[in-house]
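Structures for review follow.
Two complexes follow with subunit A in common, the first pairing it with subunit B and the second with subunit C.
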Partner chain A sequence: MTLDFVSRADFIWALLPEIVLSCWAMAILLVGVWEKERPGLPPRNLRLLAWLSVAGLAATAGVNGWLYGVSGTDASGMIALDSFRLFANWIFLLGAALTILVSLPYIAKQRLQAGEFYTLVLLATVGMMVMAGTRNLILLFLAIETMTISAYVLTAYHRADRRSAEAGLKYFILGAFSSAFLLYGIALTWGATGSVNLAEIAQTIEAGAGFTGLLMAGMALLGVGFAFKVGAVPFHMWAPDAYEGAPSPSTAFMAAAVKAASFAALLRVFLEAFPGLYEAWYPVMWWLAALTMLVANLIALSQSSVKRMLAYSSVAHGGYLLVGVTAANEFATASVLFYLLVYTIMTIGAFGIVMIVSGHGEERLQVDDYAGFGWQQPVLGVLLTIFLLALAGFPGTAGFMAKIFLLQGAVESQLWTLAILLALTTVVSYYYYLRVAWYMWMRSADAGEPAIPVVAPGIVRFTLIGSAAVMIYLGVLPGAVLEGAISAAEHFGVVAGEAFMGLAR
Partner chain B sequence: MLVEALVLSAILFVIGTFGVLLRKNAIIIFLCIELQLNAVNLSFVAFSRFLGIDGQLFVFFVMTVAAAEAAVGLAIIISVFRHYEAVNVNNFNLLKW
Partner chain C sequence: MVDVLFFVFAAMAVGGAFGVVLQKNPVASLLFMVGTLGAIAGIFVLFEAHFLAAVQVIVYAGAIMVLFLFVIMLLNLGHDYRADIRSGIGAFLAFAVSGAFAGLLARQFRGAEENPLYQRFPGPEGMDALLAEQGIVGAIARPLYTDYVVAFELVAILLLVALVGAVALAKRRV
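Our next item is the complex of A and B:
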């Protein structure tokens, strides 16, 4: 099927995944309010809501797969019909579905309003999908706001818990602050080039037209906005607080899917609109990547709370991903996509078990609390160990292959220093990931300490086992998924061209 | 005319930025963010004199987003006030490093 965008219906076909998911989210909201509230008890239709949400995500995934067979005649329209968008959509849909499935017992225990929670997750996912799929800066701004406003609510969702409210306020203030920078960047870029379409901006820059000063200022402000959104050091200060204070399902969703969406949008804007200015933005990305990897990994070493350690680990992974963005060649872009997919699965998996261990009021979050957990719950212990090894990038897991691909991408662009930093900081990170595993298997709980009560229904176990299996499978046979990522990245081509090779030497 | 408007917009944006960084009251910080957004709106309107009506359209999008943000932001500030009886960002000490 080919869309020429002459008839209005073509726009509906091009946007079908987003439309399906938006409508589905509204339906979930309606189903959610149908149930009478019972104070102190979880809603009776919790499971129904969760399964309906997952079904909506599955339906959207089906439409997303169908879009692979659709091509557009317009290569620079507002909505991109390329496989970059479709591949990124898989990541977001998978992240949302995993979050909903692993958080079922958590929502029940904490007696959160399930209908609104799932609706917000789905609406945030819609925002992410538009972020990855748009070529228009104003639509990008709207999509980012759709995602982050949902994420603010998800962060502050546990109203009875003051940590959640405080985290929500911090995330809200810094999120809105960074959106203002992003918007100012959009305004100045538009003023300098006369267009908000990424392809047209690139053409204007290529032709040497436009006002250089304004354009540079606009690009810098866009860069600051994105650095906040992806949590790059020194713009990361909101991330650990927001991730630690938020209810664990929201943390998992934010650390995985929201971050993936920010990176997808960052890639699209900088590789599609600003390839002509690569020499100007590459040193900034270089420093952001280097600082993020170093600072986040060093601070993570000193964390005693597992949730906060995972929050810093999420910032550190953002640093590795920025290496791929800096390298800006085809393979590096593909490896960023591959890394985002792997990272989404392993992060949500790890948070899934943290949710189970932490208990009703999130009271068991310290590393000490994991003492002897492996022997008490061998299945969950093994699963958490696999996720931690994958996060650390241990050979044999998907995390290792993802890092190898990033390194290869960096080396292709001659970024030797960043490649070495990536390898070194990965070795440093082994310490804080393996410390948790060491407590689980090598320490026994204090005498008299009761065993950790575990509420993990079959579906949660099944999801976690499936995720762990995928982690090992992709660690051994990453070929097929990598092919998909490479074909998704082809569209951007090589940004770091000859001019850049001169810089590197 | 364009340059004056852009300079004014930049000054307002910087005032908003410093307000966010220096003030301690969450409501004032929120108002400073609104000031930043409206500074950007001024740029959009100024550019639209030369680049066409699009800029004025963008302003409507920004206003809509700002309204949605205000709804969520004020709700979060109220929920913080319920716990702390204050909206001063210095009072928060549960989460750090």
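Our next item is the complex of A and C:
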């Protein structure tokens, strides 16, 4: 099927995944209010809502797969019909589905409003999908707002918890601040090039037209806005507080899917609109990447709360990903996509077990609380160990392969210093990841302290085991997924072509 | 005449923006903001964007600012507060950075007419022709419901998200 967008109806086909998911989210909202409220008890249809949401995500994934067979005549249209968008969509859909499955007992225990929670997660996912799939800066801004406003609400969602409200407010104020930067950057870019279409902006820049100073200012403001959204040092202040205060399911969703979407949009804007200005933006990205890796890893070393440690680890992973963005060749872009997929799975997996240990609440979040957990709950202990090893980038896990590909991308663009920094900070990060594992297996719980009560329904266990299995599988045989990422990253590169060695070919 | 009016409105907008930042009383800040928005509406009129000007006055300066005022009154925030930026150096830096940025932007417009890109923007004649052909509302409505129909639908989803979020967070009973 070929779409030419002469008829507006073609937009419906091009946006079918987003449309299906939006309608499904509204249906879930209706199902959610159908049930009569029982004060102090979780809604009776909680499981139904969760499964309906996952079914909606699965249906969207199906449509997403169907879109691979659809091509557009116009490679610069408002809606991109490329496999970059489709690959990114897989990541978002997977992130949302894993979050919903893993957080089922948390929502029940904390009596959160399930219908609205799932609706917001799904609509945030719609925003993410548009973020990865649009070439229009106006649409991009609206999509980012759709995603972040959902994220603000999800952060403040635990109304009985003061920290959640505080985190939500902080995130909201700093997020609105960064959105203003983005919007100003978009306005200046439009003023400098006369277009809000990424492909047309790139053409104008290549032709040497456009107001250079205005364009630089616009690009700088866009860069600041994106640096806030991806939580790059020194624009990361909101991230640890928001991640720590938010209810754990929201934290998992934000740390994984929201970050993935911000990176997808960052890649699309800077590699599709500004490849001609690579000389100007690459030093900035270089410093952002270097600072983020160094600062976040060093602060993470001194954290005693596992949730806060994971928050800083999420910032640090943003730094590794920025190395891929700085390298900006096709393979580096593919490796960023691969990394985002792996990162989404391992982060949500780790948060899933943190939720179980913390009793689906916000207690027992310190590293000490994990003493002896491995021997009490061998299955969950092994799973958490796998996720931590993957996050650390241990050989044999997917995290290792993802980092190797990032390194390869960096080396192809001859970013030696960044590559060395990436390797060194990874070694530093072993300490704080393995410390949790060490407490789990090598320390025994204090005498007299009761064993950690564990509530982990079959579906949660099944999800976590599946995620861990994928982590091992991708660590041993990454070829098929990497090839998908490479074909998705086609045409996304500044130094495209010659230096490309093609590991999977 | 138009040039003179433009500078009058521009001065009002900039002065109002300074007032928003410098006032310590939230209510006074807010009233300055209404003034800024009104001045920008005046600039829209000079650009022949009458519909935008009307919307700006009715929706922003009217409805949203009144809502702000209600919230400030309801929460009883109408007192003087200490400045956010305590130190003189901080205040100086804030103004220096914004001033430098403004100067940088202002420099860009020198010789802008020579740039071939200038033709991409319609200019006064283009606007007159467009308005004569499609009318004031049509010039906005047509692109909104044709070229930008996807953005329009996405705004609907954005508003739904905001609505659901507001209800979920502000409902009386949990």
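As a convention for this text, the second predicted complex is superposed on the first by the 490 of 505 C-alpha atoms of A that agree within 3 Å, B and C clash if a C-alpha of one lies under 4 Å from a C-alpha of the other, contacts with A are read in each partner's own complex, and residues count from 1 in each chain.
Note that in this section contacts are C-beta pairs under 8 Å (C-beta built on N, C-alpha and C of every residue); 3 or more make two chains touch, one makes a residue touch a chain.
Predicted model only: the values in this text are computed from it and were never measured.
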Requested in this report: Scan A:L183 for contacts with subunit B and subunit C and give back first, second, both or neither.
Outcome: first
**Report entry** Contacts of A:G194 with subunit B and subunit C, given as first, second, both or neither
**Finding:** both
Query raised in the report: In the superposed model, does subunit B or subunit C contact more residues of subunit A?
Result: C
Query - Which of subunit B and subunit C A:T426 touches, first, second, both or neither - result: neither
Query raised in the report: Once the shared chain is lined up, is A:T463 touching subunit B (first), subunit C (second), both, or neither of them?
Result: neither
Query raised in the report: Between subunit B (first) and subunit C (second), which does A:V153 come into contact with in this model arrangement: first, second, both, or neither?
Result: both
Query raised in the report: So, A:E145: does it touch subunit B (first), subunit C (second), both, or neither?
Result: both
Requested in this report: Figure out whether A:S250 sits in contact with subunit B (first) or subunit C (second), or with both, or with neither.
Outcome: neither
Report task. Go through the superposed model and pick first if A:F11 touches only subunit B, second if only subunit C, both, or neither. Result -> second
Query raised in the report: Looking at subunit A, which of its residues have contacts with both subunit B and subunit C?
Result: 138, 142, 145, 149, 152-153, 156, 159, 168, 188, 194
**Report entry** Residues of subunit A touching subunit C in the complex
**Finding:** 8, 11, 15, 22, 26, 29, 37, 39, 78-79, 111, 113, 116-117, 119-120, 123-124, 126-127, 130, 136, 138-139, 142-143, 145-146, 149-150, 152-153, 156-157, 159-160, 168, 188, 193-195, 204, 209-211, 213-214, 217
Query - Residues of subunit A that touch subunit B when the two form their complex - result: 138, 141-142, 145, 149, 152-153, 156, 159, 162-163, 165-170, 172-173, 176-177, 179-180, 183-184, 187-188, 190-191, 194, 196, 240-241, 244-245, 299
Query raised in the report: Contact residues on subunit C for subunit A in the complex?
Result: 101, 104-105, 107-108, 112, 115-117, 120-121, 146, 148-151, 154-155, 157-158, 160-162, 164-165, 167-169, 173-174
Query raised in the report: In the complex formed with subunit A, which residues of subunit B make contact?
Result: 6, 13, 16-17, 20, 26, 29-30, 33, 36-37, 39-40, 43-44, 47, 51, 54-55, 58, 61-62, 65, 68-69, 72-73, 75-77, 79-80, 82-84, 89, 92, 94-97
